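Okay, got some structures for you below.
There are two complexes below, and they share chain A, which is joined by chain B in the first and by chain C in the second.
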Partner chain A sequence: MKYCKLIVLILLFVLVLSCDESFNPYGDFVERYAFNCILKSDENLQTATLFRSYRPDGFDPFTYTTDPSVFNADIRIWYDDSVFVFKDTSVVRQDTSRYKTPFSFYYNNQFQIGNRKTVELEVLLPNGRRLRSSSFTPSKIDFEDRSDVLVPSGNNNFIQIIWTSFDDGMFFLPKMTIRYNQNVNGRIEEKTKLVPLRYLSQGGESVPVFPTANASLTVVYNINAITRALDEISEGDPLKQNYSIYENLSFSVTAYDLPTTKYISSTGGSIDDLTVSVDVADYTNIEGGFGLFGSYSKKKYNQLRFFQNYIDSFGYNFIVEN
Partner chain B sequence: MRFSFFLTLPIKFLIPIIFLGISTFAQQTGNIRGFVVDSTNGEALAFCNVFINELSAGASTNERGLYLIKSIPSGKEYAVSISYVGYRTKTLQVFVRPEKVTQLDVQLVPLSIELQTIEKVGEKIIRENRTDISLERISVKELEILPKGVETDIFRTLQFIPGVSATGDVTAKYYVRGGGGDQNLILLNGIEIYNPFHSLGLFSVIDPDMINNIEFYKGGFTSEYSGRLSSVMDVISKDGNKNRFGLKGAMSFLTAKGLIEGPIPNGSFMITGRKSYNNDVLKKFFDEQTIPIDFYDLSFKVNYSSEDIFENAKFAAFGFISNDDIDYKDPLRERFKWKNNLYGFEWLQVYDVPLFSRLGISLSTFEGEVIPNLSSLKPRKNEVQDFTINFDMNVVYENRDEIGLGIKLKTIDSKFSQTNFVGIESSIEKFAGNLSIYGKYKFLRWKNFGLDAGTRFNVTGLTSGGGGVFEPRVSLTYRFLPWAAFKAAWGIYLQEMITVSDESEIISVFEPWIITPDYIKPSKAIHYNAGIDINVLRGLQISVEGYYKLLQDIPIVNDQKFTVADPDLLPGKGESYGWEFLANYSVDPFNFTASYTLSWAYKEVNGWTYYPKYDTRHAGNVILEFNLGSGWIASAVWNYSSGYPFTQLIGFYDKYFPNNTQNGINESGFIPYAYLGDKNLGRLPAYHRLDLSLIKRLRVLLVNFELGVSAINVYDRKNVFYFNRDTGKTVNMLPFLLTGTLKVEI
Partner chain C sequence: MLSSNKLIFKNSFSVFFCLLIVVLGCDKEVSRTPVEPPPPQGFIYINSIPDGFTIFQNGRNTGRITPDSISYIEAGNYEIILKKKYFNDTLLIVTIDENEKFNLNVDLLSNPSMYGDLFLQTQPEGAEIILNDSSLNKNSPLTLEDFLPGEYGIKFRLFNHRELEITAIVQSSLLNSYFEELRDTSAWVDFQVFNSDIQSNSLTAITVDDIEKKWIGTLDAGLINYDEQNFVSYNTNNSSIPANRINCISIDNQNNIWVGTDLGIGVFNGSSWTVYNRNNSGLTSELINSIKFDNSGNVWIGTASNLVKFDGASWTLYNEPSGKDWINDIYIENDNKLWLGTRADGIRLFENQAFDSLIIFDYGYPSNTISSIEADNFNNIWFCFLPDTAGRGGVSRWDGTAFLNFLLGTFDNNVNNISIDGQDNKWISTTEGFIYFDSQNNSTVFNTLNSLVTTDNIRASVRDQNGIIWVTTIGGGLNKYKPPN
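Then we have the complex of A and B:
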């Protein structure tokens, strides 16, 4: 009997402890700022954004609908012995499902970056806080002579373009587009078609796989993907003669600097659906804040052109260029 | 016989050298030696007591059932009592001849299932000077009685031991005294298992039905063990029934399993198999997700012992295969596969003089693979091939002192390849060999003092920094009062095989093993342990143990690896210390155990110190086992730990995702993103739960049945597992769960 009493006492003890405790995963809120700017080599218009952090009432951030843009900040970038001051402006927001106000950003349209130059940033916020960063613009890239120039390339079922760079381990993003004209009711419209690396069959459907930024110094396009892209230009239209394909394909490689490379890498994706990871690396090179201050340099490869017989086989016209 | 003579010649040659200078001290004494086995099946009974009342002297059997009582005054007859938990104590009369070894093999008869009680005759005296600080011995009977979370599991039982912690109900992965999960050595018949888990870490691959005994060192382990920093689990499997053929079958909500055993000429065999057949019950563990987990494990063991070939020798061949597959049967979903294969050969030799030796040859392989199919995942693959030859021998002197010597040659071929998020392929491959030797002296001549002092020496290492390294270790016991003993241990430990496991993953599917890359030094640990064992009353044992552990060059996954040039691993440091209290009171029909641990663990990388995910300040267990009689056994386990660390959520900001930077920064590239506070500075609410179990054993005709029912988390405590910052949802651990098992034995 005394044992029964002991057991009952133990059970009562643990039942008292069994009430659920409330759990609040939030720590003390500290306002932070996120600055984003990727300087470009191929145009003068440089843009940047500046947002403050926020905390919604619950845990769904989409319930927070106050525009977090920070206005009246003094943004300065030092480049090539000059300082460039950014102005704030806004454009009409395309998606107003969350924020109703225009999309705000800062810009400067007086410079574009060159290769291997130091750029420095200082942001003076209206509340007196400062964000700082610096970077080194990417090196020039050169295309190798062994890159393919004709599409198709002999009997090969792929097109390969190879380049070199002084930078090691940086990311590059190749992009190939087919330029063509379409005759729409007698009016010529100039269009482009982005070419995927290859197509994958998923659930009975063919899905294009486009290049993503990575450290490889070469890219290989499957010739079937190029053929498929050419087919898609006039898909469903029996009048193939309304389409004229330019002899030269547009191909470019964007080279990123180190901070942008790291930033892209950190936002790359998930491990798998089963692994539960509670902390995720959040890369930033903004001292005192979040975001990215980086740059890219774009280089075009002008040697790549279609073989006329290949275009003719689709029933398209062929536009010869010098 | 000639062949036998040839093989044992080197050892016979060594013996006189080892005994040089000792024999002159020999008195007119004799020795008693033998094996203690179960009378029904011939299985060795490990750690049972063999005791001579008249002399108040005795010994306990080792993990293979062998004992030796030294320096018994000769020329007379003694009454020798042999006792073991769950067996009828046997007393035999033995005449001890001068300077001879008297062989006394004993078969103990198990108590009937209705009358099983706990007997510990002479235990107090036998334990006088045993250097066994931080060593836990676990019998299969203990495993069977405790509540089962779907399956009986040895790893989950470990979590009741003070100093051992886990991060949740979902994983059986354990952490010992502030050490990482890959710092635990798991040996099955002396062979290393690299991935000892089924079902994403839910269960151990070692089926409890195949186990004879388990030794678990949670620190301060002596020189014969190598390769890990924190703990050693040494599992010895059963030999198989030497008397008759037997068949066992068991079912749980998750698996079905079977065991066949029986005698062969001059030996025995055992074959076991276990297969998952239904994983609906696992939804409770995985937040109601359906995961198509499929696994099996198979093992066999064959023993052979014939006086015609080798006198006093025993040979065993062993094999073990475990295989896991998560296949969604959907080309758009990834597939996970991992498997362990172990094969081993063992030669145990007992010589005429008090010397034992063991030669082991083994191959252990692990393969793990993530097959992306058409999902967006990247392929990952890990292969490890571990070939080991080791030879150990033990000499016992007349004055009860012992010498242990051993040599181990290990070659490891490890391959790890993966493609990261942005398509960069990386590969770490290495083939290396480790030749190590150890020697130790066990000073046991004084009844109230025991010392085990020795060192390992790594002649060559798997890594460039692992060769020419000593690992000295000392363990001692001083019984300063008849009922109280002071115990202490100190040692240096080296680890060169590591897992590339991300600490932020609380459920991890893929944990590849690699040889430590050359850009970081092999990990090193220093253990300091001290404690007191108290046996004031019969049946009551209290132990208090303190520890301090330093970890150096522990590899930590670089969460700031963003480019190819960044290293995968960074060298970190660790420190842990704490106090462990354990009280056990056994009086028929109760067995009551209570434990409490007060501990601290820290890690440091890049100058930043944080609490590892398994750091808990207070942890405790209360276990009550009650033999109700008539084959009914009840048990209750209450488990408590103060909150585990987690990284607090601070707020959100609109993060730029550069899907297409060539269009410039625009409004569509921003997605709300949570930002966190300092790593692991927050604490989850305290964890506690109560589990109950009821077992009924009965015999119908020639068939033994065991029916078990377990109620897990009886009061449905909502223990927080983690906070999912993507969904804003708090994910809890296991809710109330009722499980059952049925065992049939013919």
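Then we have the complex of A and C:
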């Protein structure tokens, strides 16, 4: 009996010691890669970024201030029976609050995408790893004839633009801007004013609501929002005659492809024309890494113009373009 | 005994239970990112002779050009195709073992099917063939065998024919044939925008200065100077010339070039321009049709609204009393007697400061619109006529008492200009071809059907000291005619 108790004690001792294991919350660091590129239809310059994950010393990630870009990668995009090779370059970083070293990116200025074309990506990293992806560029957008052409539009208190597209469920981002010249001490400066859909009252303040990417094939601008935007152009300046408004408004719709649409959906946020957040945690279509490879197609609507009387009512000059 | 067995069983069970706890107690579930296998290290270096071939890997364009490599690839079979414009495709199957570094050297020049043949033929035959600026010392027709595919600059050179330069393409495994017709330049040589540096094919007036430079007016490119080497244009973009449309050109005894335009007169002294228009001269019309010089140093100008005399300082306007003063051309018989060719008002005389008319009904010349006036070596005066409501196009000779009419071509033929050389040959420019009258007035017509003149729409001509006739055309550029001796 005494012998048995001794055995049990030894076993319990072994049990306690055998489970002792030093625990490292980091685990083994494995370098990962994030590639981001959204191909554009409205210009030849295509840009891409390629970053690697890193582990800072200590627990504060902000102690790591070196640009995590990966250099010397071989980035190729197959589009329309051609191969386009991206070159790397770097520019001085404007915002040095996070990283101190120059901002690096890859570019190719030889192509712009068309509609409904397959694009394929292969990134060969300097260590031999490959990232791959593919996408299908967005379909053409056609604006419908029943879209408004004049601002203001008859007795309506809104402006509506309607378009069609083959793509079902993709996201579209409308954008309306007013173009104007401002006479600043005799020098003419050309400027633009982004027009919100409407203004919302929040906590006693009026807050502009701008369009975000969504699947709708129409957009409606409140005429009061356009009036308010026109007012804001010269807000605080009594010399209204220093402002000249162009007859034609600038209106465009950006159509996103499926990966970009999914990305926007997953983040629930809006997206601008050029950049994608580096830490795309919610969605990736990059095989072998993270990030986003997508495309967008932008179509301008050239029919929208102001009534001269409407612009005159603000005291502004009116610029007619042929 | 039974109790002892029970005790043994109880103790054994306790030990087994404790061992089970030891085994199970250390079991932990820890989630970790799976470790990726290292990338494959397979590598193919592809070199070709010649280089510059696009590398396709398994049917896909890699965007790489030989010599280049495909790296970090897995073991296996790879279909490599080398492609280059004009060359046959070359297919290679490469098997790579794990982490193998493979060098693929392909000598495409050792493959006879890569080469092509080139057959060069000309009409007429016998042209010297120059390949990429080196003469082959061989004449057409010629077959060149086993040529490397590509583009070759070929020139054909044959006496009395325009040198022709082509780009010949040689493709693998093909007989690449070129048949070229060489333009005969034994009589006619053309200078057009597509085959020379001339700035326009629509030319109006032409004259030759005393150093044999040709001064050529255009409808759209200003004044052109041609020294038989280079065409130099003076236009509104690079000079002070009043307009790019030139109606007439004359050279004074100081070798100044006077051009009449729709916007006044430009005078070029070889380095700078002087412009006369309504703002700085006595001109009341800026549409200048004719500029001539008398022996007293006066400049006589025919405009769309009057006859003008410029003596170098002052301007004098002469208006015919009826007010019909559109003057197309002037011929100065002497300082006091000028022949005027008008638009729609027939032939007029300006003699001793007074106007007179030779009325068509009295003299029977072809029409009331005169385009050009010139005198022959026997002081006969030749008039060119354009069709109008009063009559048709043609030529008429005034011998001092009567007109002798030559009705050239169809009723609507515009007879634009006449020039008469030292042998009393008349060279007549019409819209239906170029017409030659010898001293006996025997005529020969040169048109696109029977000669190598570039168009039938001839505007003017001039003979240089070498006997060469320079012909301006509308649409066909400058033509050079070498009359037979």
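Some notes on this structure:
Just so it is clear, the second predicted complex is superposed on the first by the 270 of 322 C-alpha atoms of A that agree within 3 Å, B and C clash if a C-alpha of one lies under 4 Å from a C-alpha of the other, contacts with A are read in each partner's own complex, and residues count from 1 in each chain.
Methods note: a contact is a pair of C-beta atoms (placed from the backbone, for glycine too) under 8 Å apart; a residue touches a chain by one contact, two chains touch by 3 or more.
Here the structure is a predicted model, which means the values were calculated and not measured.
Applying the stated contact rule after C-alpha superposition, one finds that A:56 touches chain B and leaves chain C untouched. Within the superposed three-chain model, A:30 lies in touch with chain B and with chain C [touch as defined at top]. Contact comparison for chain A: of chain B and chain C, B touches the greater number of residues. Of the two partner chains placed by superposition, A:321 touches none, neither chain B nor chain C.
In the superposed model, A:40 lies in contact with chain B only, and not with chain C. Of the two partner chains, neither chain B nor chain C is touched by A:145. Of the two partner chains placed by superposition, A:235 touches none, neither chain B nor chain C.
Put simply, chain A uses residues 7, 11, 14-15, 18, 27-28, 30 to touch chain B in one complex and chain C in the other.
Remark: chain A residues 3, 7, 10-11, 14-15, 17-18, 20-21, 23, 25-32, 34, 36-38, 40, 45, 47-49, 51-56, 58-62, 64, 68, 93-95, 103, 105, 168-171, 173, 175, 200-203, 212-216, 254, 256, 258, 260-269, 271-283, 290-292, 296, 298 touch chain B in the complex. Across the complex, chain A is touched by residues 7, 11, 14-15, 18-19, 21-22, 25-26, 32-33, 35-36, 38-41, 60-63, 71-72 of chain C.
Of all residues in chain B, only 200, 291, 326, 331-334, 336, 370, 374, 376-377, 420-424, 502, 504-510, 559-560, 562-565, 590, 622, 624, 626, 636, 638, 646-658, 661-662, 664-668, 670, 672-677, 679, 681-682, 684-686, 688, 690, 715-718, 720, 722-723, 725, 727-730 touch chain A in the complex they form. Note for the complex: chain A touches chain C at residues 1, 4, 7-8, 11-12, 14-15, 18-19, 27-28, 30, 76, 78, 81-85, 124, 127-130.
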